[in-house]
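Take a look at the structures below.
Consider the two complexes below, in which subunit A is the common component and subunit B and subunit C are the respective partners.
Then we have the complex of A and B:
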């Protein structure tokens, strides 16, 4: 338990939490909401996220206490914080469950149409449970393996280069878009996951003074993967075609035909399970921390079961693609609000406590 | 460590077992390799005659192609009706090409293209082909057992040699939805009972509007962009008969520039530069004193191509098919407001297009 996450592994962990099934829809979201040259928006939103991460880094630098809970409880008593912790735990576990539902539903577009989707979700939850039982150091080790198994997929894009044309990019910027605000929220939710570093930092090896930089590096990997994929989609699809294609990235992968295997998209998409699993486990893990802080009697096993079951019950009725999309938009919006709000609240608390003269840890 | 092992076992077992839930047994499947669409008139059953072939596996397991047809209202409707006519379960995951007859394509094939794109079973490298005459006749004329593969290979060979444009479902849909270019499809036909590649089929949006011969479609490809390797047989009329030149080119580039006067578009220049070698010339009587004159040949080829290009552009303008993507170049030279203003007008017909060639003879084979 004394082992700590190395900064390098933290970067990979952050990337793996951030990137998920959103990538498959991202080019279409951009085309519908921003129109021409929407891929630039990825870079802009990524920059906003960097500011968000900067806020988190300030919290960690000026922290008073060992972890987020100690910061908060120095000012506000645990009893007041209790409902807040619970609410946060439920929100995050609901987000995790929704993400996995989204993934399962897309899987079922490709294959396993005759299987009941809730059965697949239960299987995914079994995996989450097993991985969630481990301590965070082991989770991060597993994440590294998952990273190696999935990162090569980005290189598949090389195959599409002969089929691209800069003509299709057009010189117009953000024309023919529909709803820029909704679009920004959607892209922002695509980057979510970095906020978990607020809960991760006590487990990170902080012997190097610049360890926090790895959070930026993780975010940078996400940005590169997102931006290059979206850029490629804009070169490969025409704008109106992109708007009507549900999962442009699936189409991109489906276009790759090698001599040996022809339809590699069903194989590649299943590999995405690992990315989803990391996102899922880390969100549930953070929720567990919150729940256990609120009710210290609970063991890890119990809190995992409680959160997974609560999340599944809350989203019991959400089984259709469109519903999942709407719920994800709302819960994603809340989660995005939390990502911005949490560090700000924490900074205010730190400010008040410093003013009162509390000692720094 | 033991827990990790258990995790891996649970992971693999559970996932492998769920895979058994959706079964497909290959012996019971009718793998369609091609679908042909013809127009069906005066029928209450539907507006399209769909013909398809698939290998039927008999008891002796010798593969034979079965061809069946049906009249239907849509592609999926057709698949259902075809399946009703056979003991096999019809699946479309192995479709290699879609063949449309000229009549059918003239009414627009948007509906079929979208149906294919929506279908998750069908990949996006399915070829779209237009046939002169009936599409189902193509099936009968193909000698081999695997019809879909034959068409697929034939088209791939021709497009690799830059005789006809490459086109699959993705390309078609992409150009159909793009406001700067129109799709061009390969055209096949039947000559003396054999399937022959005839040239290119021009589209306006999703409607078939006209055709080009192989020679014209080669020129179209030259003007559209980079050509890696192709050849031209050039016939120049002389006092008696023709002088024939055979020119193979390895590199050819096309540069399209939009000339503007203020905000008005003056003309579009296409400059094609090609480097290649002369491998046949029936015009010169060679002897020790005279050899083929490089400049003369270059001029001849240049002049021939320029004339042909003018003719080609006239055809395109007459059919209102912007297969060269001229509108795309115009679009990219304008601001968004300007583009929106002129987009709906019959822009392509109005713009004067000027094509120039620069032909460079790299060598003349083994003779001077």
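Then we have the complex of A and C:
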């Protein structure tokens, strides 16, 4: 029985792919790059992302073929596309591995300092393999539960309300910022993940005509979570504090104290493992589709192993937090370029094929 | 010992078996063939009426003795040779010609009547069986108390008396190459999904095994993923629960000789429901249900959390509690993970010993366990007071889960979580929970998602999930039953 992902679940899936450890750094990124009231930039970048999603929706609406591959291969032969598929697969798997390294390194700031980070990454990869071996419908089902187990964390912000002050926002907008362009790219990469809908749509239940709205809803949840957290950080910390704190959201959570547990962040942060895992698995899953299209003989097990090992080998030397940050910036920039470029290329291909008289799916 | 035979061998044996039954030797009469077949069965009864030239073969302990006397023996004693033909024309005497049919009939408790070349079967099946009593594993505080017994027909009658509709259909399916145990597949036509009925029938027919003794064994033979830690079909021992399942559009499987009855498809959350939830006030029912889910979280994660906190995350303990814990732990020479394993194992020993021993001796185990665990272990400095409390709460919480099979699975899962917590602290717990979530999400029960209605999210079914909503709100059947008739209450 091949079940389809319901639009509601697609929204959750999109949110879970998009959101990740970037949230922990986002207020600092905003403070450094945009200065005062940088949280507004989250909304602006979110709007740019919506335009990007709109492009994707056009691809899906006017598609000629069942999936992205059929759209492309209708114009360009598979042999020509092969290097492109491979490159895309490697880029995305590298991005996934870097995200996991970032998560593990932040985990080691809090605990397990004496444990070898490579061992923790290998464990994370085993989890990725375990979930990646399941079909996308099962991945979506597991994601729903991960969503329920993690979304409540946003409510922890209520605890901070009595300790916030609007005076900290200042009446200035985007003053004392350093590099707005880099900042926009960084925030944009924080929203990445929505582009995977290009590969997900054949698995979605499209019986309802407005199913694609769920992608916007998913993005909306991410925007609300990002914007509200950043807004709260700006209300809670001063601008200078935000600039010098590595992970302001971690400090924000650390402030929460309940009767039975102190230093709740060492528990809450680990919950992010589930969010990271969804991001990892979906990027690797899309990479698997690309790799299997390039080399059809590969089984899912083989392609998963190849991509995970390739990603780990490519990032073998990247073990320090600063290095991971730099690599993430570069690979994230490439991935952001792909998120924008891919739908544009596909639209051009569809345009040419329509002009040639190819029929729609 | 039960062991699976290669399919080909089983097929061949079956063919040979059928051949033996259906192609009798030409020289021997059917009576002689039956006698030959049952040779060595000293519990067989063989009665001969010389003046009528009639023979009866049956098993005394499989027939209802009163009915046998009044409906078979008496008429044959009083009938004359001339009247015999008209007597045997009564529909009570079923004519048969096949040896296999005769043997199966006798083994089912029927009496075989041999009149020259003609053979008849008369059904006076009975025999000893347990009286209907309250179920011991599924006790009820409110609601009906009667529980199923080992007799399939009695269980069927209890269900039929509750679901009085001609749409309640029963398929009889023999299981077990040697035991030929009867399984009854029940469903309400028009409510249950026909595809599910066909699929389950097919799965039962496909079973190739010597014997099936219990419904729990049968359920493992027809599950979607038999290697999973978690049971994918719930079993119930109370007729009201089964009737509720039938009306919800689910399919019921009764196995002769087992008081447990399978409900299919089942979700993970069905294992946390009891009949009492529905008979109590809805708020009380809901609160009890939430309590059970709370108990599930505690039983699976509480000891692991203790190990994680005392090994890696002392910073999580509030200052006021830190001193108590430090003093309690200071005398213990072991690492928290060993300490926790030691205590958890002791609890498991006690539980298992208590379950196997007779009630009177079982009490001794409780006292010994209480003294050993409660006082001696702490005084000897083997374990800390706090761990005793943690382990005890986890153990109690595990018994709050109504299904014993599920509770056992959860307890086993707990050991994995303790190990991960001891190795990687909170991250280990998260890894364990993640594995658990992935595994549970990938499970299906006859194709229906195991984690429904949580994932996939079926909002309509939430009225009977964490909550037990008022009856007026519960108007639809569960989505996982895939019933064609979704409504179970009028919409006004």
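Operating definition for what follows: the second predicted complex is superposed on the first by the 360 of 361 C-alpha atoms of A that agree within 3 Å, B and C clash if a C-alpha of one lies under 4 Å from a C-alpha of the other, contacts with A are read in each partner's own complex, and residues count from 1 in each chain.
Basically, a residue touches a chain if its C-beta (ideal position, glycine included) is under 8 Å from a C-beta of that chain, and two chains touch if they have at least 3 such contacts.
Keep in mind it's a predicted model, so treat the numbers as computed, not measured.
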item: Which of subunit B and subunit C A:120 touches, first, second, both or neither; value: both
item: Partner chain(s) touched by A:237 [first = subunit B, second = subunit C, both, neither]; value: first
item: Touched partner set for A:274, first subunit B, second subunit C, both or neither; value: second
item: Contacts of A:264 with subunit B and subunit C, given as first, second, both or neither; value: second
item: Contacts of A:112 with subunit B and subunit C, given as first, second, both or neither; value: both
item: Subunit B versus subunit C as contact partner of A:8, first or second or both or neither; value: second
item: Which of subunit B and subunit C A:144 touches, first, second, both or neither; value: second
item: Contacts of A:47 with subunit B and subunit C, given as first, second, both or neither; value: neither
item: Touched partner set for A:152, first subunit B, second subunit C, both or neither; value: neither
item: Common ground on subunit A, meaning residues reached by subunit C in one complex and by subunit B in the other; value: 111-112, 115, 120, 123, 127, 130-131, 134, 138, 257, 262-263
item: Interfacial residue positions of subunit A with respect to subunit B in the complex; value: 109-115, 119-120, 123, 126-127, 130-131, 133-134, 138, 163, 167-168, 170-172, 175, 236-241, 244-245, 251, 254-255, 257, 262-263
item: Subunit B residues touching subunit A - in the complex, by the definition given at the top; value: 3-4, 6-7, 10-11, 14-15, 18-19, 21-22, 93, 117, 120, 123-125, 170, 173-181, 325, 328-329, 331-332, 335-336, 339
item: Residue ranges of subunit C touching subunit A (in the complex, touch as defined); value: 312-313, 315-319, 424-427, 429-431, 433-435, 437-438, 440-442, 447, 449, 451, 454-457
item: Footprint of subunit C on subunit A - complex, ascending; value: 1, 3, 6, 8-9, 107, 111-112, 115, 120, 123, 127, 130-131, 134, 138, 140-142, 144-146, 148-149, 257, 259-264, 266-267, 270-271, 273-274, 277
